[in-house]
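Okay, so chain A shows up in both of these, paired with chain B first and chain C after.
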Partner chain A sequence: MSMAEGMGSLYFAIQRRRNRGLVGLYLVVGAFLVVYAFMFPGLLTIGGFSKFSQNWFPLALVTMAQALLMLNGGISLAIGPLVSLGAVVAALTMEGPAGVLGGLVAVVIVGLGIGAITGAIVAYMRLPAIIVTLAGSFIITGIALILLPRPGGFVPDWLSQLLAGHTPVAFGILILVVIGWKLFLATPLGTGIYAVGDNPVGAFRSGVPVERVRIVSFALSGLLAALAGLFVAAQTGSGDPVIGNPFTLNSIAGAVLGGVGFLGGKGAMRGAICGSLLLSVMINVMFFIGFPPVAQYVAQGVIIVGAVAIPEFARRWRKA
Partner chain B sequence: MKRIVSKSMLVRAVMAGAAVVAVSLTASGSANALSNCIKGDRKAPYSVGWANIYSVPTWMKQTEGTITAEVDELKKAGLVKDLMITDAQGNAQTQIQQIQSMIDANLDAIIVEAGSSTALDRVISDACAKGIAVVNFDSLVDTNNLTAKINTDSNEWGSSAAKWLIEKLGGKGKIIVMNGPAGISVSDDRRKGAQPVLDANPDIKIITETNTEYNVAPAQEAMTSLLFANPEIDGILSLGGALSAGSVLAFDRQGREQVPITGENARQFLELWKEKGLKSWATMQPNWLGALSVYAAVQALEGKDVPAFVKVPLPVIDDSNIDGYLAKAGDFPADGYIYSPYDKALFDKLLAQ
Partner chain C sequence: MDQATPLIEARAVSKAFFGNPVLKGVGIALRPGRVHALLGENGAGKSTLINLLSGALQPDDGEILIDGKPVARLTPASARAAGIAVVQQELSLAAELSIAENIGLGAAPRRFGMIDYGALSRRAAEICGLVGITEPLDLPVGELSLGRRQMVEIAKALFRQPRILILDEPTSSLSAHEVAILSGLVRTLAARGIAILYISHRLNEVQSLCSHVTVLKDGVVTADQSLAEVDAEGLVRLMVGRDPGEVFPPRGTPSGGEELIDIEGFSAGMVHDVSLRARAGEIVGIGGLVGQGQEDFMLGLYGAIDASARRAMIGGRPGPFAHVRAANAAGLAYVPADRKKEGLVLPHSIASNLLLPSLGTLMKHGMRDRAAEAGLVARLAERLTIKGDTSRAVQALSGGNQQKVALAKWLPLVPRVLLLNDPTRGVDVGTKREIYHMLRSFADEGKLILLISSDTPELVHLCDRVVVFREGAVAAELPREAISEEAIVGAAMGLGAKDRAA
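Our next item is the complex of A and B:
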C-alpha cells in the first residue's frame, strides 16, 4: 500500500465518522428540499433555483462566519452589524469614483480589518469574545448609521443582475468559498483552528501560534460577514444601515443546528452550511404549505428542536 | 367588526361595479387606462398575498383583521379566492424571500407593509414585471415600480395637531412637545410638520420636548419628572396616542389639573379623554389602510385605473364624535386602536382622486 493510498483511506474514514452525526440533519434538509420542489416545481428551473439560492446565500456566508469562530471556541455578536456595514460601504463606494472594484476592495478591507482588530483584542487582552463582540456590535451599528443614516446609496444595476439576477452566480460563489475553506483547512493555520478550539493549551504546547490563529479566524469571519453585506446591497440595489441585524441570531442558529458546539473544536463546516440551508428552505416550505403567521412561529421552533433532537436520539438508539 | 353598509348591499355594490367594468370594457375596448404593473391577463377570482414585516404589535393584528374581513367580502363577490399571509419577523431579508415565494406561487396581488424603504425595491419590481398588482401601505418603499402606494401624511398629522392646540390656547402659552423615538421616520415627520405652525406663533413657548418609545410607561415617567420641574404648563402637543395616555396619567397622579392635549385613537387615551373630561383632539393611522390596499389591488386587476399614490386624509376625533368612537370601544382590544368606520363608498372615493 502506498503512502498516498493509506492517507486517502484514513481521510475518508475520518470524514465518514464526522458525517455520521450529521446524517439526521442531511435527511431533514433533504426531505424539506423534496417537499419544496414538489410544491414549487419551478425550483428545478435555473431561474427558480437562482432566486432560491440567492435568498439562502447571505445566510450561508454568515453561518460560515459564525461557525468559523465557534470552531475555535469563540463567538461573535457583531455578525449582523458587520453585514449592515458591508452593505453600507458597498452602496456608498460603488456609486463614487472608486467604482465596483474599489467598493469591493473597501468592503474586503473593512471586513478583514474590523475582524482582525476584534481578534487581536480577544487574543492579546484575553477578554471574552462574547463581551468584545457585543461592544463591537454597538460600535459597528453606530458607524453604519453615521455613514448612512437612512437607507440609500446605490449599487450598479449590472452588479445586481450579475449576483442576484436569473443565473445561479451566487451559488457558484458559495461553492468557491467552500473550496477555499477546504484548502485553508489543509494549511497549518487552518488545522490550528480546530486545535485551538479543542484544546488551546495542548495546541500551544504543540507549537500552534494560538494568538495568530484566533486573529486570523476573526479576520476571515469578518471578511465573510462583510461580503454577505456586499451581496445584500447588490441583491437590494442599495444600502440599509440596519438590514443585517437579524443575521446575528440566525448565524448562531444555523451553526448550532449544524452541530457546531459552543465550546470549540466540535462540528464541521458542512453541518453549519446545512443548518443555514434548513433555516432558509423552512421559510419557503411554510409559505407553500400555507401556514398562518402564528403557526409559523410555532412550526419554526418545532423544526429547530426536531432537527437537533432527532439525530441525538438516533445516536443513542444506535449505541443501545 | 361592524360595517356601515350591510354585507348583502356591499356584495351587490361590488357585483354592480364589476358589471359596469365588464360593460365598459366590452363597449369601448378599454375605457380605462390600466394601472401600473397590470397587463390584463389575470382573471378573477384572484389569489392575494400579504407580506407583513412583523405581525405581533396590536396595530398590525387589527390591520390584519381589516384585511381578512375585506378578503371575505371580496370572496363572496367572487373576486378573490384565497389570502396568504407572511410574517418576516422583522427581517427585511426574510421579507424579500417571502415576496419571492409569492411571485413563485404566481399570486395575482401582493400587499406589502415594508420593513425597509429600499431593500424590497428589486423584488417588488420583479413582481410588477410579472403583471402582479403590488400595493404598498403604511411603511412605504422607494421604488415606483408598483401599482399603488397608500398612506396618510405624517407631516399633516403634526401640523393639524399643532394648529388645534394653538387655537385652543388662544395663540399663547407654554407647552411641552411629546415625540416618539428619535431617528424613526414617522416620529421625525410628525414633528417636522408641526414646526412651521409653531414658528408662525411666537407667543407659544416650548418648555421642552420628550423622546420616548410609543408606550405609556416611559411617556408617563418622562412627564412626571417634567411636572415637578414646571409649575406652569398650558398645553401638551403629543404626537402619539400612548404618549398622550402617559401624560394624562402623570397629571392625574400628581393631582395636577389636566391641560389641553392632542392625541391618537388609542382606546386607552380615548377612554381617559371621556373619564377625565379632557379638552382634546386626536387623529389616527387607520387600520383599514390594509383593507383599502386589498380593495385597490383587486380594482386594478379588474382593469380600473388606480392612482399610483393614494393619499388618505387623516380622520379627526374631537368632542363632536368621540362618543361614537367610545360606543364601539368594546369591539376593539383594550390596548388597540378604535379606527374610523369605512365602507366601499369611502374606498371608491379615495381611489377616484
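Our next item is the complex of A and C:
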C-alpha cells in the first residue's frame, strides 16, 4: 500500500498509542456486538451484516462529520439539516436530466460549499461555531423545505439496490472514507486540526494556517453530512426535507461516546467511529430486547452520561 | 564598531495599544553569534518588542531591518522564512499530538503532500538528543510535565533551524538540570553563529550566558551595552532605578510564636513521610527542583488532596484536613501558582476579585453590603499599593499586580497560615520587592508563611528557614545560618543529603 511507504515506524508508534486509551471502548463495542450476534445470529450472514451496516452507515458518517469539528474546537448543530438537504438535492437532481452522476456532483458541491461558507464565517468573523451552525440549521432546513416542501423526488432503483440492498457496499464505502480520513490526517493540514483545536494561538505561531484548517474542516464535515443525506435518500428511494433532524444530536452522542472532547483537540476519529457503532448496536439490542421506544431514549441518555462519567471517575480513582 | 551586520535590527520602533504607548522609539540589534539579554520589568515592553521582531505585531513607527535591509511588513510567515524562531512563555504545543508531531508542527517534512514521518522521526530525534529529551517521540505532549513541555517547545524552535532565536523566559519552569542543558545549548548555538535574544528574570542566568544587554524601562531603552561593563546591582538599577539592597526586607529576630504547624510522617500525593514544625512569625521556604512534591505537600496541608500523617496539628487543629473548608476554618489560605487559572477571575474587576473570599462575611440581612465592600476594597488596595481604578478588569494588570490581588483577597479572612505557591514567578523586580516586604510584614504580624519558590535568591534572602524537597521527601532542612544558594541547590540535586538532613 502506498500509504505505508514514506511513513516510518514513528507513524505506527503514534497510532498504537492512540489505540491504548481506547481499549475500554473497543471491549465494550465488542461485547455489545457479541450480545447482538447472539440474539440475532442473522448478523453473521451477508444479508444481515449488510442491513446492519446500512443502519450504521449514515450515523457513522455524521459522527465523523461532527467529530472532525469537535477535534478542531468547533461543533455543528446543522449536521441534521445538511443530511436532509443532501437527501433533497440527491432526490431532485437524480430524477432530472443530470442523472445519478450529476446528482452526486450536486450533493458534493452543496456539502463542501455550505461547509466552507460556515467555516469561513466561523474562521474569519471569529464567531462561535455553535451559534453560526444554529443559525445555519434554520437556514438549511428552510432551503430544503423550499426545494421540496413534502417528501418526493426520486432515486433510481438500481442505486437504492446498490447502496441499500443485500450487499455490504455501504460498509465498503465506509472503509474508503476512513482510509481517506487517514490520508488527510497525515497531511500537515490534518495534523493542524488537532493543533488548532487544542491551542489555536500556539498553532498560529507555529505556522499552521489556522483559518484554512477551520474552513477545510467545516467543508469536509459538510461533505460527509451531505453524503449521508444521499445515502438516506437511496435507502428510502426519495427525498424528505426533515429526515435528517435526529442526526444532529446523534452525531454529538456518537462522538462523545467515542471519547471526543468538547473543548477541541482531544480524542480520535477511530474512537468516534466506534462510538457511532456502539450507539447503533445499542439501539438494535434494545429493540431486540423489546424496550418500548420511549424507554430507549431514556436508556440511550443514561448510557451516554455513563460513558463520559466512567472514564473520568476511573481517572480520578487511579490518581487517588 | 566593525561588527558583522545585525541579522535583525529594530530602529526607533514605537507601538501603542489603544492610545497607550508601550514602546517609544526603541532600537535593538541582534548580531550573529551573540547572546543578547533583554531585561525589563513586566510591562516594560519586552513582549511587545518580541512580537514586533517576530512579525506578530506591526510597529506604528520606526522600521525593522533583516540583514541590513528594511522590511516593509514583517508577518509571522515572513519572519519564519527569514529564520526567526521564538520560544514564547505561553507554550504553543498541542496536548494530543506526539512529541515529534509537535516539534514538526507547521514545518514538517512532506512527501506526496503528506507528512514524511520517517524524515520527521530522524530530524526530531536528532534535535531531541541535542536538547536532552529522552522520552519516546511518539508520546503525546499532554503526558509531559510543564518543564519537559518547555524543552519540547525549545526543540520545536530549533527544528526550524533558525538564524535568530528568541527565548522568552525559557527557564521559568525548568529544573536546574534542564537549565544547565539549555545553557550549554545556547552557547553551542551562539558558537554556530546564531543570534540569540534571551529574556529572563533570573539575573545570574543572564550574567553567565549573555554578552550584551538591552534594558527596557517603561518602553524606553535605558541600556544597550556589553554585560561585562555592568554588575547585577547595576542591571537592577537600570530596570527599576532603585537600589537592589532594598529588594529583600531585613529579617527580624525569630519570636517564639505559637506553633502553627506540627506534623510528623505526613504523606500526600507524591510526598511521603515529611515532618515539619513551624511557628507564627516565620517565613519557611520550600525549595527543590521543579516537581519534587512541593505542591503536593502544600495541597495536602490545605486539604485539597488526600493526605495522611502519624501526627498532625495544623493551625491548632488536628489534621490532616479532609476538605479545604476545614483548612480555611483553621486559618489556612492558599495562593496557587497559576494565578490566571486558579487564583483569579480574569475578566472580573479588581474589586470583585478582592471581595470574592469575603462575600460571605460582609453580608447584611442576607444581602451584600456595598458600603462595607467598598471600604474593604479601598483598604486592601492601599495596603497592597494597587494603583488606579479598582473597577478595571484584573486581566488589564501586569503579572506582578495580578499576583498582589491574588494574595490580597485572602487578607480579610485573617489567615494565620499563608501557603504560597511560587508567588513571584514571572514577576518583575519592583513588584517582587513589594511582595517580599508585604510577606515580611505579614510574618511580623504573627502569621506563618510557607513559600514554595523556584527562585533560589528569594529562598536565601527572604526565608527564615528553608526545607528542600527531593523525590517527595525532605532532603534538607536548613536553619537560617546554613541557608546559601550552594546548600539549597546541592540538597536539591541530592548532594551530601546525609550530612545536611536535619
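Rule of thumb we're sticking to: the second predicted complex is superposed on the first by the 284 of 320 C-alpha atoms of A that agree within 3 Å, B and C clash if a C-alpha of one lies under 4 Å from a C-alpha of the other, contacts with A are read in each partner's own complex, and residues count from 1 in each chain.
Criterion: a residue touches a chain if its C-beta (ideal position, glycine included) is under 8 Å from a C-beta of that chain, and two chains touch if they have at least 3 such contacts.
On a predicted model such as this, the values are computed, not experimentally measured, just so you know.
Once the two complexes are laid over each other on the shared chain, residue contacts for A:55 go to chain B alone; chain C is not touched. Applying the stated contact rule after C-alpha superposition, one finds that A:232 touches chain B and leaves chain C untouched.
Once the two complexes are laid over each other on the shared chain, residue contacts for A:290 go to chain B alone; chain C is not touched. In the overlay built on the shared chain, the residue A:158 is in contact with neither chain B nor chain C. Looking at the shared chain after the overlay, A:205 reaches chain C, while chain B stays out of its contact range.
Look at A:243: by the touch rule set out above, it reaches chain B but stays clear of chain C. By the touch criterion defined above, A:313 lies against neither chain B nor chain C after alignment on the C-alpha atoms of chain A. When the two structures are aligned on the shared chain, A:265 is found in touch with chain C, with no touch to chain B. Once both structures are placed on chain A, no chain A residue is touched by chain B and, in the other complex, by chain C.
Of all residues in chain C, only 56, 76-77, 80, 86, 88, 90-98, 100-102, 105-108, 110-122, 136-140, 156, 306 touch chain A in the complex they form. On the side of chain A, the complex with chain C involves touching residues 6-11, 13-14, 16-17, 183, 186-188, 191-192, 194-195, 197-199, 201-208, 265-268, 320. Only residues 40, 42-43, 48, 51-52, 55, 58-59, 149-152, 160, 164, 232, 235-240, 243, 246-247, 250, 280, 283-284, 287-288, 290, 292-294, 296-297 of chain A touch chain B when the two sit together in their complex. If you check the complex, the residues on chain B that touch chain A are 52, 55, 84-87, 89-94, 96-98, 100-102, 104-105, 116-122, 142, 183, 185.
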